[in-house]
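Labels run A, B, C, D and E following the written order; every chain starts at residue 1.
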Amino acid sequence: MSAAGIFATWAAALALVAMALAVTRPNVVHALIWVVAGLLSLAAGFFALGAGFAGAVQILIYAGAIIAVFVFVVMTIDSGPEAIARERARLAAGWKGPLVLMLLVLAPALLGLLAGPGGQGDGAPLPVPARTLGMLLFGPWALAVEAASAMLIAALLGARHLARREGGR
Amino acid sequence: MSGFLTAALVLAAGLFAVGLFGLVARRGVLFQIIALEIMLTGPALAFVAAGAHHGDPAGQGMFVFVLVLAASEVALGLALYLRLARHADAGDSDTIRELRR
Amino acid sequence: MSALLPHIALGLGALAAMLLAPKAPPVAARTAAALGMGLAALFAALRLGLPEGMAVPVLADDGLARFGTLIASLSGLATLVYLRPAPPAREGPALLALATLGAALIAGATHAATLFIGLELVTLSLIALFVLPLTRTALEAGYKLLIMGGAGAAALLMGLAFAYAATGSLELSGWMPGPGLRGDPVLALAAGFLLAGVAFKFALVPFHMWAPDGFQGAPAAAAAFAGAASKAAVAIALLRLAAVGLPEPIWSAGLALAAAASMLLGNFLALRQESLPRMLGYSSVAHSGYLAALVATGTAAPEAVPFYLLAYMPALIAALCIAARIGADAQLADLRGLVWRAPLSGAVLTLALISLAGLPAVAGFIAKIYLFLAILAAGNWLLLAAALIGSGLGLYYYLRFVVVLYRRIPPGQDAPHYPVRAPVETADAPLPLAEALVLGGAGMLLLAAGLVPGPFAAALAGLLP
Amino acid sequence: MLTPFLALLLVPAPAMGAFLLLGLGPAELNRRAVQTVALVGAVLPAVVMLPLGAYCLMGTCDGIQPIFDLTVGDAVVALALKLDPLSAIVGVTVTLIGACVIGYSIDYMAKAEVPDLRRYFALMNLFLASMLCMVLAGDSIVLFLGWELMGLCSFFLIAYHVTSSRAIAAGRKAFVITRVADAFLLAALLLLFLEAGNVRLDALIPAGIAADELRQGLIAALILAGALGKSAQLPFHTWLPSAMAGPTPVSALLHSATMVAAGAFLLARFAPLMQAVPLVMALTAVLGAATALFGAASAVFQKDVKRLLAYSSISQIGFMLLALGLGEPEVAIAHFVVHAIFKSLLFLSAGDITQIARGTTDISAMRGALWSRPLAFVAFAAGAASLAGIPLVTAGWFSKEAILAAAWLAGPFGVVLWLVAMTAAVLTATYAFRPVFTGLTRIGRPRPSLGGIFTNLPIALLAVATFAVAPLVEPIMEFLGGAAPHPPHAVELVGAAAPFLGIALAAALTFVPGLSLRVARARRMRSGIRIDGIYQVIIVQPFVKMVRWLTGQRGGIADPVGSIPVLVAQRLTAAAIRPLAHDPLDRGWMGLGAGMVRAWGAGRRIQSGRVRDYALALALGLALLLLIAWGTTWR
Amino acid sequence: MALTALIVLPLLGGIAALFLQRFGRDAERWFSIAVLAAALVALVVAWVGAPPEDAPGPQWLAMVRYQYAPALGLQFLLAMDGLSAALVAVSLALGIVSVIISWNIRKDSGLFHACLLWTVAASNGVFLAMDLLFFAFFWELMLVPSFLLISIWGHGDREAVALKFLVFNAVAGLGLLAAVFWMAATAPEITFDAFVFAEMGIPPVAQVWLLLGFSLAFLTKLPAPPLHAWLPDAHTMAPTAGSILLAGLLLKTGAYGLFRFPGMLFPDGFHVLAPYGLALGAFGTIYGAVLACGQTDAKRLVAYTSIAHMSIVLMGLAGGVHFAMMGAGVEMIAHAFSASALFLLIGALYDRTGTRDLRELGGLQQTAPRFAAAFAVFFSAALAMPGTANFLGEALVITGMFQVNWVLAAVALVSLVVSVVYATRLLKRIVFGAPIRACVVQDLTWSELGPIVVLATGTLLFGLLPQLLLVVLEPAVDAALAPLARP
């Protein structure tokens, strides 16, 4: 495995740990911070894989914009100590089952992946310049991109409707 | 299949599984939405790594779409969360069960 | 470029409806969306039978795609007529047009990107449509679809990503397990993930949980769209996936297993439901099972799946639209004596229910024959047993609803007014003529395809390679 | 094709027409109209038959009138009427007797209600038509049609007094027993049909003779059984005495003169076939002789005139069968003709005498008949004389003598039969003259009276005929293709003496008080040998028991074959449901349904409404799919 | 086209009759008669029309083949030979009779007439369909209107009886369905065409099992003991028209199926199973006759005689010889007339007296001579008097039995004797005897007399001029027997 590969794996592993912490925090804000940490680690991994555009988008949009929206929402609700205690109690009550379930899903995936024909090729990630990506997105994939924008519009329409004031027009 | 790709796919599966764990284990609506986001990072990593492996821009292209989906879901999800919070205890999704059986 | 005309019409219709929604009278947005869908249907219909090819590199332009676009647009139109959630929801028409666009994309998807985006476009539009009434149950339905849809989407994406990693291709046709890839565990895992993702959209057991709740809580028109157009599109996607030949036996075995479970559980849980939409939700699970069984057995008749859709969609749309006329969450008791109070609705509902039950003289019967013949030809005894038991159970609960339609209300009792719990009748309520047209059209289609299925079958067989 | 034989079709037609008009026609008819239709229907056949008989006498008497032909598979069904000496002689007899009896009925039945009268005449005419069909039949189907319809008419006419349960029971008894015989006959005819591939008698009889021995014997035996049943011969005789419950003209026509004797006709018809099977012939002769003696002996002790005459019929037909069994069908048919005349005469005159005695048919009703009803009594005496066989003047002597002669000439076996028959002949004279002598005993001072023209004309005609036919007996035999057998004169003298011995015995029985009392007490003989009782025990009671058992009247399960599978199925279902059902009454499908509902109630909990549970299911499904995916590639 | 009309006319007519009830008095009755008469015209048209060119045999008089969904092997295939034509004619005639004698039914008369017409339509479908999927469909469809007839307009414990009828026949019908689908699935190309199945060469062992499946359905409908338990109840509790249709049509469908398919499709299976069929028939004819002797309910009595007579038909069909088969065909038609007429008469009596109990009846001869005369005529038919079509049928069957096995012939002859016992019992209890108060009734009215005359004419006409029927049946019989002759 090349050095870039090792670094990317390391970064992704960090991200996994961060995400694991995120889903187990009773405090929403802490969880969000761990998510951001995980996303940033992933971005680092993307850079190491030579996917600079993806890394940049990850930092800007994901870790930046989306989480910011989260934080805004979190700030509208109070998460006092009793809310955190309640959350902790709920988590403590039922984490074993989900864990087993998670392992159940993971096990065949891991077994399958590790049994696969590993170690072929030169092992180094191949960098993809942003330009070729642009050629793809605005060339053959143009329709898909348009459709993705339709997806955003749909989400927007829905969110706008939901955000309408009670008894609004 | 190169070594780093296998590792990345394993980690992607891990991310997906962690998200799934969150979805099943957490009762707060907000936590569930966060778990969803985490679930989506799994395929994101897998796409980017596979793109890097094949030297193909399509991986990053798909990553962009995943990102769009994540954004859309967050938008809708948060709006829904706010709306739900007016009717029910959005901190505990188990209470949102009028429709059942 | 003309191959994209339906999509363009849908997109423009959606855009126009969206822009008209805030200020213009509600009927304007509705008209814009209807125009878009109507034009899309027209274009798709006109293109039936033309030479096939690729519209753009990610979208096929073949018989299946045109057929999918046509039926998605038509069911979009039909559901638009009945789309009238309680508080005026101006976004409805635009969302419906977007959902239709998504369905059209799925129908033509030969590429992971189009498939994924089409599916998610439908899902997101449906979430938004589900929550339109802003009632608690509607929100709950939307919420469930959101969470489950997100998980399903993630699973689907995992599948796509694994397949991409294994083959380096995002074209569906690139996943054909060649000599080097046979027995590749990554591709097999990809198939598993993909199956889970598609099964979620298709509401197959155990990924079906959102369907009954959604049908019950959401506006009937949205549910009708979810059950009819989106299901049709996903069925076409399933056909395409089956055609490229994902790794066997995981594909057929998994699909057959899910199909059997759906047929059994869907029919079983529908048994004594009092709520018409909820019953239809479970029934849609069961029918997904039947369709999946058709795909899983690799039926010899190319027109089997399209014919099943042709039989299933009008029945479901008609039934849910009549439920919408009666009011939110129509109950069994509300249907009593419907035939005598509202003959058209009663008659069409009868036809729809017996078609769903698979009784003769209506299209559902022919569809059931396709199903049983395919299962028998494949010699899959598990599926046969499940289909037999499921159909038997189905007979019970469909006929339970049919019988009540004909049970006169004793003279002493008050007749429930029809519509029983009237929805808010506002200016944007569509013309009764349009409703009658939709119901009548659905009824005629069911009867025609049941009595003279020959031409239909021939036409559908001609659509497919 | 227009042949004289076309007229054959016209013989039964009027009677059939009268039946249709009276029996099934919807129009209302008054008494006069009913009587007219009946009479016309009864007389016209005779009018048509007599010229035919004459034609037959003069021309070549062998003609066939086809009705229709059709083919069933390889077989030919060719229906036809046939005129040959046998059918001509019997046909003329039947039409004449029929006309007489139906004419007589007009007076006799004068008191009946119009609907009853209509029914009566309709059935009498139907009977006449069917008897003629049978006599003139040229094929087995028409033969059997007539044969069965006669039985049907017999049933309805015996049960004419529908309010009398005795009459109905008698009718059922007669019908069932004759039906048994009919079944034998049907079997024989069908077997012959299978042999010949044709139903024409001309084809059947040769085919029967040509059949293999076993089959030939079987067919002959079955035909004999059919004849025995219809003719009330041992062991089927029990129905005839009880059949006297019908009106007297019915007894005269059906149950003595014509229908009952049809067995003899049948055997004569199939004589060539029967003669091919010596064993059956011997059986016929023995049964005939035995029946002759048994009938005569039973008749002697009867208290009731009609029953006496019924036993007499049994006995006389026994004589006919004796002749048939000896291979002399011509003699038998001659006796058939003579018997038809004197027996109908006896019934009609006895009926006339007893009718004025307030309906009772006890032999005591005859008392003083000479004075009260002189014409009828004289006629009765003439009939009795013929029955007894007073030598040289009566027809009865000629025909009976021929039978006795035939027996004597049949070798050592025949001599035994001759002895039996001779004893029977003595007893015949005895019972024949008992009523006559009773009629001579005067009681009170009765005023002589005469019946109407319809009563007297037939009686007078028949009375004259009993003597007029006497010289014709031998020509009849010759016409039929036989010759009157003549035994040694000594034997003939013994035969001539027998009636006188019998008459003397009768006088003794009537006028010697001690003897007449003893006769009155002889119950056993009066009711005949109790074969009725044997049938009751071995057939009727077990049948009734079986029916009662099968219909659940004995506390069992009604219709066990149908019910037991149902009960077993119900038990099994109940047993399968029991673990699920709380309510023990809730059996069968309802139980299954209830179990289903409960299962549904439990099953729907899966759909808990909690998103987390939904995700759980989703994850489980995914895990399963991935497991399968991995499993399929695991090496 | 005319063949299609035989099914479609009554089917649609039934739907129309549902609504005609609203338009004035008796509209639905006249309409039903008109529909059935029109169907009779269609039958004549089909009958006299040119024989079809594409028919697989010369015995077919008319045929309709419409490819319905070719890929599924679904086709609308009707074919009429002599037997089907005769049975369809009988079904239409009995339909008209049923309408006429139900003139006083007032309760939901629209639905009542719809049920009558649907029963006729479905049984016509059974008699004509040569596509086995359609055959099976009509087979099951037939149960629905009959079920309604019993459960809505029946007497006594009608719901339970109707359910019994339904359960028995629906469950038995599964045997047919399973066999049909098995054949369709194993055919080289998916089809339900009986003519194709006939040429398919089904392996002998499979033939036995398939024939068992078919027979389960057919024998239950026939009905042959021990599958007959539904019939006495259903006959007894059904309204008069229902009894007529049950006896005249439904039972005949079972016999028709046994006539048409075993020889055509399963000649090897037939050779294996025929002895059991003969034994069953022999048992049934005696059993039914003996049980009829012990009944106290007049309709029940006639129902058991139906079992006896249909068992004779079974013997004829299982005999596999020409005469027996012809006899079975004739007996089917004859029994349709005679049993229907007896049910009609008893029904008319029940309408007047309110009882069918033989112990409470009597003296009809005195009070209602026309009634009595009608009883006597059909009494003769039940006895198989020569001159009635029943005799023709039974005599032919017995002839055939002599060719097969003399013991069976003897059994059939015994049943002839027992028939006298039950028939005279019926007559003795109803017609004879002193008039009982309950039996002082109005004589048959003209509207009752009309159907009676029609039925009597049928019975006597075919009895006296049998060629009318035999000529029609013969080609069908020859064709049915032809495959059996194959070694």
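One rule holds in what follows: a residue touches a chain if its C-beta (ideal position, glycine included) is under 8 Å from a C-beta of that chain, and two chains touch if they have at least 3 such contacts.
Here the structure is a predicted model, which means the values were calculated and not measured.
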Chain A to chain C, fewest steps along touching chains: 1
Graph separation of chain B and chain E (steps between touching chains): 2
Which two chains share the largest set of C-beta contact pairs: A-B
Chain at maximum distance from chain D, centres defined as averaged CA atoms: A
Closest chain to the centre of mass proxy, which here is the mean CA position: E
Separation of mean Cα positions, chain E and chain D [Å, integer]: 33
Whole-Å separation of chain centres (CA-atom averages), chain C against chain E: 46
Computed distance of Cα centres, chain D from chain C, in Å: 80
Cα-centroid distance, chain A relative to chain B, in whole angstrom: 6
Multi-chain contact sites of chain B, meaning residues that touch two or more partners: 1, 9, 12-13, 16, 19-20, 23-25, 27, 32, 49, 51, 53-54, 56, 58-59, 61, 65, 69, 72-73, 76, 80, 83, 93, 96-100
Where chain D touches two or more other chains at once, by residue number: 604, 607, 609, 611, 615-616, 619-620, 622, 626, 629-630, 633-635
Junction residues of chain C - those touching two or more other chains: 113, 117, 120, 124, 127-128, 131, 134, 143-144, 147, 151, 155, 184-186, 188-189, 192, 212-213
Touching chain combinations (by label order): A-B, A-C, A-D, B-C, B-D, C-D, C-E, D-E
Complex contacts: residues of chain A adjacent to chain B: 1-2, 4-6, 8-9, 12-13, 15-16, 19-20, 22-23, 28, 31-32, 35, 38-39, 42, 45-46, 49-51, 53-54, 57-58, 61-62, 65-66, 69-70, 73-74, 76-77, 83, 86-87, 90-91, 94-95, 97-99, 101-103, 105-106, 109-110, 113-114, 116-128, 132-133, 135-137, 141, 144, 148, 151-152, 154-156, 158-160, 162-163, 166
Residue ranges of chain B touching chain C (in the complex, touch as defined): 1, 5, 9, 12-13, 16, 19-20, 23, 29, 32-33, 36, 39-40, 42-43, 46-47, 49-51, 53-54, 56, 58-59, 61-62, 65-66, 69, 72-73, 76-77, 80, 83-84, 87-88, 93, 96-100
Footprint of chain A on chain B - complex, ascending: 1-4, 6-22, 24-28, 30-31, 34-35, 37-38, 41, 44-45, 48-49, 51-61, 63-65, 67-76, 78-83, 85-86, 91-92
Chain A - residues contacting chain D, complex: 97-98, 101-102, 104-105, 108-109, 111-112, 115
In the complex, chain C residues that touch chain B: 112-113, 116-117, 120, 124, 127-128, 131, 134, 136-137, 139-144, 146-147, 150-151, 153-155, 157-158, 160-162, 164-166, 168, 170, 186, 212-213, 216-217
